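Please find the structures below.
In the two complexes that follow, subunit A is the common piece, with subunit B as its partner first and subunit C second.
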Partner chain A sequence: MIRYYFWLSLKSIKGNPWLSALMVLAIALGIGAFMTTYTVFHYMSGDPIPHKSDKLFTVQLDNWAPDSAWDDENNRPPPHLTYRDSHFLAESKEATYQTAFFSVIMAAQPENPDIKPLRAQGLVTYSDFFPMFEPKFLYGSAWTRRDDQQRNRVIVLSKDMNERVFGGENSVGKYFRLNDHEYKIVGVLDDFAPRPKYYDLVNSQDFGDTEDFYLPFTLNDFLKLRPAGNNSCWKPLPTASYEGYLESDCVWINMWVQLEDEDHKQQYQQFIDNYVIDQKNLGRFPRPLNNQITDVMDWLEVREVVTDDTHIQLWLSGAFLIVCLLNTVGLMLAKFLKKSGDVGVRRALGASRAQIFYQHLIESATLGIVGAILGLALAWLGLLMVRSFSPDIAVLTHLDFKLSLFAFAVAIITSLISGLYPTWRICQITPARQLKSQ
Partner chain B sequence: MLKMNGLSKVYRTHLVETHALREFSITVDEGEFVAVTGPSGSGKTTFLNIAGLLEEHTEGSYQLDGIELTGLSDRKRSALRNEKLGFIFQGFNLIPDLNLFDNVDVPLRYRGFSAKERKQRIETSLEQVGLASRMKHFPSELSGGQQQRVAIARALAGEPKLLLADEPTGNLDSNMARGVMELLESINANGTTIIMVTHDPELAARTRRNVHVIDGQVTDLRTVFNNDNVERTAETA
Partner chain C sequence: MDIKPIFKTLIRNPVGLVLIATQVALTLAIIVNSLFIINQRLDNISVKSGIDEDNTLMISFSSLSDSYNMENAIANDLAFLKSLPGVNSAMATNSLPLSNSGWSSGVSSQSDYKGVEIGSAFYFADETLVDTLGVDLIAGRSFRSEEISYYYLSDELEPPVCIVSADLALTLFPDLNNPEEVVGKKIWYGGVENPKFAEVIGVINDIKAPWRGWSEPIFNRVIYVPHKPIFGKFSRYVVRAENGQLDNLVKNIQTELSNFDDQRVIRPPRPFSDIREVFVRNDKGMATTLTIVIVLLLLINALGIIGLVSFWVTQRTKQIGTRRALGATKFDILTYFLTENLIITCIGVIIGSILAMALNNWLVTAFSLSKLPMSYLLGSALLLILMGMIAVCAPAMRAMNVQPAVATRSV
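Let's turn to the complex of A and B:
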């Protein structure tokens, strides 16, 4: 019978093309507007590492000034750590994995004279960065903890950098020159672009590109690298030297750990609290104890990755979808009631209320399918406009297969919902009255 | 075939109660051709609607082909309507968007016949009313008489036991009306029970039995033995 109902719905649509077109347009406009904003929202609010986002934690220690908090309103410590503290925590091995890192900008100097030196942005980090954030490797692998300890001059390149400098070939074992120092390439990443870029939300754009290269943190003493990102100090440096900078209470280093469960989290919290209490005895950390470890999704919320504007837009587009659906309800009611005579005949000829209900529900779904196709086209156009007006969030405007399926489901479910009342009404008609009035 | 006993139908609004049928009792045997006559508003159509399971009665009992219908679900009533009853309306009530083939197909679809059987039944019933050659035509392309023939074909396709006709010739000129009546007579001759509501005394006189309804009650029940020499036995309900 479903095929018969579908055939009837196509006939009904063809028999009343203008009213049907208005309904399809109403559904399509609602779906188009909703999916445009929902797509952006989906990427902004999505879990960038769903299988372990509850195991990765950023660490904050409150080493800020005694008389003014870093964040009065939310009582949060600075998002970054000092070199001393991050170095200590990264070396402690109290978590399953732990890494400190900061961004640097350096000059890449390809051996090939045909390729001009490049400005490259990198991350100075520990080997644990790779098993924690799980970028996939195209060639080779990450450096090891032993490389960290032995301060080996190794490097991991991004796929993009490898393509630019080595034409995309396997460069593992070759050397890569940065700021006049050579590093042995141990691995080349495959595409690695978590959206949002959760592990570095302070220094990077939330949806910015990932790094061109990764260097061992333990080389920092030797390289004397200055961070390319935020650097905040609440008191002057003890000495005006690089060593003074490393000894200072300036914060500029991200710290992440992987903890396996709640017990592990509590143990780690105790560990960092004990560390800070020890440091207080040395005259540091003048503020009350306020150390925080925050998992990925909470961290996205703390950093307000999804802006209030985005929330408002989503609500507005949702409201617009509802308005469109209410219009569809009205139009569908008019269309169905116009055919109440036919329904009376069908009832007289043996159709049960349930059969009439399914017939009209399938007509609603058919309109929903057509509306969904048009709505997807409108959403695609809408996202194209977002892309041209806001290039910085262009990466959030990709309507992929899953989202397209979601749009289809939304269109069909909403058109079924909007068809419920008209369908229920048409099922309530008294066939005898309709037959007499025909 | 049909047995109603002490049937009543009351339409209620918050202001008024209207008794469309009261203490309505009638028995129609298999193979009969019964004409139901009476003035407008007497309850003829209400009787036909209840007989056709299009409305439920308020009180009393109703048996169709031995099945008690009081309290049946909509699904069961619909299935019975589809299987045992055929309808012919004054306004033909064909579905304008469907061609003749698809119009006749409607009750067969709800019956769950296979495509092959439906096709065979549709062709047979359209042949029976002389419209097999026009099965791809739409109702608007036919005359009133032809449309009524299609409606008869649609009613016959499911081989109903009881055919209910509400003023089947009311919208037709006398020539066409005669043709439709002859068709109904031949259907009855083949064994199908027919109950026909009509205002036309001439048509009523052509049936085997005439039931007169006034104020929702059967007031006169006569059997016509011979159409030329009207010898009637009066039975008062």
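Let's turn to the complex of A and C:
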């Protein structure tokens, strides 16, 4: 029976090509606009590390100026920590894992004289970085806490850097030269590009670049590196030197910990609060106690990873879809009522209301399917446009199978909803009245 | 023209009225707010940086080894750059307007920081400031070469003199009649515990900070200090090309510099147009998206009206024929459909205006947009009414041409 109704609906579409085309166009435009913005929103608001996003926390301590808050509006402490505080927290091992890190830019000097020195962006971090954020290794593995303690000159390379310098071969055990120092390669990562890059939202474009290499934080005792990213100070350095910088209240270091459950979280909060109270006795931390540990998804919200523009576009395209839906209701009503005569005849020949109902519902669904296909094509075009405007969020503009399925579902549900009232109206037709006027 | 029968018809069969009016209302609400957002974004996009944008590029380098002499490199590079054909001027700096990264710090007009501390962007420059950037120095003088020194990251920032933007001058010293009078005044920095001052020697008009600033309006507040910055192994130049020579320079400058001294990594140059492009990218994207949404909405509405009114015309062919047979002119029929449509659209516009204001209220609270000016509402309402009239024309003309004889035939 469904096949027959489907055949009927195709016939009806052919019989009224203009009205049908208008309806398909309305559905397609609505779906196209909505799916374009929804796709971007979907990726932006996604969980970058679903299996443990509730166990990874970033730590903020409020060491800011006595008379002016870092952020008056929301009373948030600075997003970064000072060197001395992050160093203390990372060394104290109160959490399952903990790491402090900051990003640096250095010059990589390949041994192969054919390859010119190249700019490399890296993270200076603790070994815990790897078990916390779980990048996959192509070759070798992470360095160990023992390497951290012994200040061994080891390095982990990204897949991309390994390809550029070693042609993609297993380089574990070889040496890598950075700013005139050699480091032993212990591991090479596979592709590692969490979206958004939740562990460093302040300095990197949220959906942009990744690191080329990772060095032990403890090596900074000799390297004396400066951060390539954000650095904020509220008072002058105690002494004008690198040591003074490390002692200062300037904030520039990311701090993340892994905590297993609510109890663990409370213990850790207690621990950092106690630490800050101790520091207050030394004359630091002039502001009221305001230390925060925030998990991944909350952190994405605090940093407003999903931009206001994305929200506004999503809402507007939703409203646009509703306008298209209303439009389709009107057109479908016109189309169905045009066939009142047909329906009258079919009812007179014994078709039940239910049969008429199904027949027209299937016709709406058919329009929905055609609209969905066209709408997906339009969404694809729309995303192409988004990509050309915002290359920095290009990774967020791919319509995968799941999203396409979702688009289909939305299109068919939309067309069924818009078909409901016209279908109901057409079912009210009494056979006699229609036949009389013929 | 009597509107009463039209109303009666509409009320007897209100589905069409409800559908079209709701569509128009929603459309109006979306269009008004979109137009308003677009207009703000266009303002953002057309922002002037205050420097000679057409001829400027920025290029940075990092040295390889700790023993590399950065001061020599900068001095040699600048001499070399200035000797290149097509180069007008060059200097070492930390950042450019609109580049999204840079320095900022609080400054005050008083040593005890009573009154206010004003967040301001810090730029580094040498004696070629005016020549290299093409900024508009409206009072005082530029730096002198004996005032310029190197600045290392560990140093305390202690500029004896500075040049400020006109906006910063008026913000720091609200009593001034005009920004030119700020020359000779002292600007304090370094915090309450360790206050130091720099004397203002010049004022620049309309120069922008690297970023817009969210909590603080830092965009127009700029200070130039007389230093050549050395950030560890990293430094950066801004180069101004002769007119029409920028493209050539962008093509060759990286190779030229790296041939001149290969003990370092030279980054690809960024012409100012690139910097600007990145700065306005999101605004451009938003403005374009919303424009497309508006156009499509109008199109969908128009097509919907055409479709529905065509159906009505078909449905009423017999009545139209009868009316014509009873003496109604073609014009009567035309005005009937036009008026009917006008009534429907107007009802939609009225509801839509309320919706639009509600939507704007929500946008104001949720996304801190500003309040909607009435002119947008009026303009959009007129636009929609016009759209409705144009859309209804085609089916109404068809109705107008229905022959009176139709009334006598049975369908």
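One rule holds for everything that comes next: the second predicted complex is superposed on the first by the 430 of 438 C-alpha atoms of A that agree within 3 Å, B and C clash if a C-alpha of one lies under 4 Å from a C-alpha of the other, contacts with A are read in each partner's own complex, and residues count from 1 in each chain.
The rule we apply is simple: contacts are C-beta pairs under 8 Å (C-beta built on N, C-alpha and C of every residue); 3 or more make two chains touch, one makes a residue touch a chain.
Please read these numbers as outputs of a predicted model, since none were measured by experiment.
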{"item": "Most subunit A residues touched (candidates subunit B, subunit C)", "value": "C"}
{"item": "Which of subunit B and subunit C A:15 touches, first, second, both or neither", "value": "first"}
{"item": "Which of subunit B and subunit C A:355 touches, first, second, both or neither", "value": "first"}
{"item": "First, second, both or neither for A:277, with subunit B first and subunit C second", "value": "neither"}
{"item": "Which of subunit B and subunit C A:413 touches, first, second, both or neither", "value": "neither"}
{"item": "Contacts of A:1 with subunit B and subunit C, given as first, second, both or neither", "value": "first"}
{"item": "Which superposed partner A:405 touches (first subunit B, second subunit C, both, neither)", "value": "neither"}
{"item": "Which of subunit B and subunit C A:347 touches, first, second, both or neither", "value": "first"}
{"item": "Subunit B versus subunit C as contact partner of A:245, first or second or both or neither", "value": "second"}
{"item": "Common ground on subunit A, meaning residues reached by subunit C in one complex and by subunit B in the other", "value": "438"}
{"item": "In the complex with subunit A, residue positions of subunit C that touch it", "value": "15-16, 19-20, 22-23, 26-27, 29-30, 33-34, 37, 62-66, 117, 153-156, 190-191, 193-194, 215, 231-234, 258, 262, 264-265, 267, 281-282, 284-286, 288-290, 293, 296-297, 299-301, 303-304, 307-308, 310-311, 314-315, 363, 366-367, 410-411"}
{"item": "Footprint of subunit C on subunit A - complex, ascending", "value": "18-19, 22, 25-26, 29, 33, 37, 68, 71-73, 105-107, 109, 116-119, 179-180, 225-226, 234-237, 240-242, 244-245, 307-309, 311-313, 316-317, 319-320, 322-324, 326-327, 329-331, 333-335, 337-338, 385-386, 389-390, 392, 421, 437-438"}
{"item": "Contact set on subunit A toward subunit B in their complex", "value": "1, 4, 11-12, 15, 341-342, 344-355, 430-432, 435-436, 438"}
{"item": "Subunit B - residues contacting subunit A, complex", "value": "45, 49, 52, 54-55, 74-75, 78-79, 81-83, 87, 89, 91, 93-95, 97-98, 106-107, 109-111, 154, 158, 166"}
